[in-house]
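Across the two complexes that follow, subunit A remains constant while its partner is subunit B and subsequently subunit C.
On to the complex of A and B.
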């Protein structure tokens, strides 16, 4: 029996954490993810879950302790945002390279400076090469659903990699929406018991974690890690399929919104996809063949699948909620264009930067983007290939 | 207190196997073996380790010298990492996922770089939270693994590669940080300072007490480094002896807030006796540098008096 509720994104993820009831959770407060450790602490204080919470003195220590706990054989979790993730950076790499299937719930917020507490994806994107699986949500429902799928993906024998469950700071983390929750037992059964094969606290079977590795061995370890990331693709789909069976909600690498016959496609990630869908609905009513490719799984990057989904379009607008400061585009822009090139999909592709540090992204903005794509094809008016949306002139 | 016998202790199985790549005459390895010997037979342990000589020389893939479970994470987070391991133990015990009769102890080793400096916050956090673990600092007074750079544990006037002695420099300009005292101020149940002594009894007893006292405990063990201190490797025990007899490295413990002096030299030796044995202090014995030796002695005296005062308090 599904449970209807109204919750913010942080509440939804905390509710899922209570249901999964991981063994250990170290965390440190940082806006806008602070509510998650607060809510978890409340659940624990009232006997609704019994995770061991470690109130660490920094995010660096939260990731370090999560690594220690996970290596010891405990299902571990942490939560953070922005500068907290940046402070963990070295540890993110160690969690992945030690092949520890821990989970982080990331509430996306811009990186300083200037210091600003609002949403963009610069924190998550900054960690894009750390070896973590990254799954992004459009709304509270997806944040909840993605969290429930996190451990089954991370702990799968073919994967053994950490998973970052991302949602947009304030926009979804603090906004209250309707949500459909699952019963506790259903979630517990789906996620299952953690049964590590090798762990520090395995009596009589000691292991050593975190070796010094000379050049003769280190490269193979890195390649194995890359192989696991590639293998994660099929596991993510399997877990999504199993999840659909119990929830009725379907997930994949991305959502194709009115893409069947779309000539102009916007590729976007996170909460702004909801705004863009509204624009698509309005434009479709006027007969425009437009659609949205909403990326859910950013790591592993589903390059071929994206290229295939875009192959019949005339033009794509790739929207980045992150600046890369190299003068030619954002991270999504680069990777999607590389995917198109490698799959020999020769369509027009324009890269837009939007919503940095919480700047509004509106239905009108989305419509303007579609308008530019259409003018480019039908009137030959070539827009700037890398440009900002909603920038004050 | 049971009778201590070095011979009996040395007959226990080693928990740090030979074949690791630490230098001959290195104090760290000797200290580690001594700490591990104080684990009771049958008790299991998870050993943590900050990045440093000990880590890169004892766990080089695909070999490990550690008989117990072992985790190295990074340089600056041995405290936080082991606090995660210890919490996992609590969680797994609570949830019945570990046999009731299995006891694990948690010991982490870090050099002074990973403990006094880059790992200081992580250590302070772990101590304040009161995890049931022991943090053992093997203090050799510089970043030896990267090639003898100064740390906040480096004594004043030491010649290091980032405080080189030169025409305009007499080595390190600052006095060393008193870490044992700082950790004692965290009000943890047990803190002790020790080094390698003739029978190893002091280190053995303090390690045993730290491991078997519930809560966060801290050991500061002075471990000479032949590369950094520049001494004849065969003379390591003599150096440790002189460090204690000159009161440069006093032996003491802080047991639930009570400061206890473990040893008082019958006749305090002049600091020159300790310094003279080491290449890093060679310049102090050059003509014209007599005042530097006086300064060094004054600082040793001041700290010794302060320690006596703390230990005399009721």
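On to the complex of A and C.
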């Protein structure tokens, strides 16, 4: 029996953490993810879970402690945002290269500067080449569901990679919405007990984790890590299928919203997809063939699948909530365009930047983008590439 | 996943390496003669030694072997020449000399 509730994104993820009850959680507070370690600490204090919570002095330490605990054989977890993630930089790569299946709940917030505490994806995108699996949520329900799927993906024998479960700061993390929760037992059965094959605190079976590797080995190790990331694709889909059986909620690499006959598609990730869907519904009323491809799994990047889903459209708008400062748009723009090129899908593609540092993205903005795509095809008016949506000029 | 470390060589294809290059054995650092990194070398004067054993536990490379309660000659195959043992010895039985041997 599903449980109906009302929760913020942070509450939803904390609720899932209580249900999964990982062994160790080192964390350091940073807005807007602070509530997660706070709520987990409350659950622990109230005897509702028995995770070993480690209050550390920085995010460099929280990720280091999570890595140490995971290598020792404990299911580990941490939470962070923005500058906290940036401070973990070196350790993020170690977690992945040492093939440690730990989980982080990232509440996306812009990276300074200018210093600002609101949402964009510059923190997560900055960590896009660290070897972590990254799964993004549109709302509290998806943040909850994605967290429950995180350990089964990370700990799968074909994967053994860390997973980042991402939700938009404040917009998702603090806004209270309806949610459907699962019973504790159902979640516990789905996630199961962590039984690592090799771990440090394993008497009689000594191992060394993260040894120095000379040039004759390091490149091979990196290839193996990349292979695991590729293999994660099928595991992510398997876990989603199993999750659908117990929850009734369907997940894939992305959600196709009214794409079946869509001529103009917006590719977007995170909470703004909800706003864009509203615009699509209104435009569909007027007979416009528009739709949304909402990316859920950013790492591994489902390049071929995206190209296929876009192949019948006339034009796609790729929306980045992140600036890459290299003069050619954002990370989603680059990767999606490269995917189209490699799959020989020749449609028009325009990269937009929106919502930086919490700037509002409205239904009207989304409609304007669809309008620009249509004018490009029907009137030959080419929209400016990499334009900032809602910028004062 | 457990692999005998001796079976991994510099010609091993990537598929056959261990995950994350994990090493499934203990004490493997003995195999590599890291003593050749040394630029200074401790010299042991057995006649001055009182066998107090203050030197052995401070050696970061376990290069002062103890047998039947007595320290012996340095393990020069692994000693890095850091000089910590010289500082620890209260009886001047250890002296650092420049060079590898």
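The rule is simple: the second predicted complex is superposed on the first by the 393 of 393 C-alpha atoms of A that agree within 3 Å, B and C clash if a C-alpha of one lies under 4 Å from a C-alpha of the other, contacts with A are read in each partner's own complex, and residues count from 1 in each chain.
Note that contacts are C-beta pairs under 8 Å (C-beta built on N, C-alpha and C of every residue); 3 or more make two chains touch, one makes a residue touch a chain.
Not measured: the values here are computed from a predicted model.
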Practice task
Following the overlay on subunit A, give me a clash-or-fit verdict for subunit B and subunit C.
Solution key: clash
Practice task
Kindly classify A:217 by the partners it touches after superposition: subunit B alone (first), subunit C alone (second), both, or neither?
Solution key: both
Practice task
Would you sort A:99 into first (subunit B), second (subunit C), both or neither based on which partner it touches?
Solution key: second
Practice task
Figure out whether A:115 sits in contact with subunit B (first) or subunit C (second), or with both, or with neither.
Solution key: neither
Practice task
Go through the superposed model and pick first if A:242 touches only subunit B, second if only subunit C, both, or neither.
Solution key: neither
Exercise for the section: For A:197, decide between first (touching subunit B), second (touching subunit C), both and neither. Expected result: second
Practice task
Classify the contacts of A:206 with the two partner chains as first (subunit B alone), second (subunit C alone), both, or neither.
Solution key: both
Practice task
Determine, for the stretches 110-118, 236-244 or 272-280 of subunit B, which one clashes with subunit C when the structures are superposed.
Solution key: 236-244
Problem - Contact residues common to both interfaces of subunit A (with subunit B and with subunit C) - result: 206-211, 213, 217
Handout entry: Of subunit C, residues touching subunit A in the complex
Key = 1-2, 10, 12-15, 17, 19-28
Exercise for the section: Name, in rising order, each residue of subunit B that touches subunit A in their complex. Expected result: 44, 46, 48, 55-56, 59-62, 64, 66-74, 76-77, 79-85, 87-92, 94-95, 97-99, 102, 104, 121-122, 124-125, 128-129
Problem - Interfacial residue positions of subunit A with respect to subunit C in the complex - result: 97-100, 160, 197-198, 205-211, 213, 216-217, 220-221, 223-225
Handout entry: Residue ranges of subunit A touching subunit B (in the complex, touch as defined)
Key = 23-24, 26, 50-52, 54-58, 60-62, 64-74, 76, 90-91, 94, 200-203, 206-214, 217
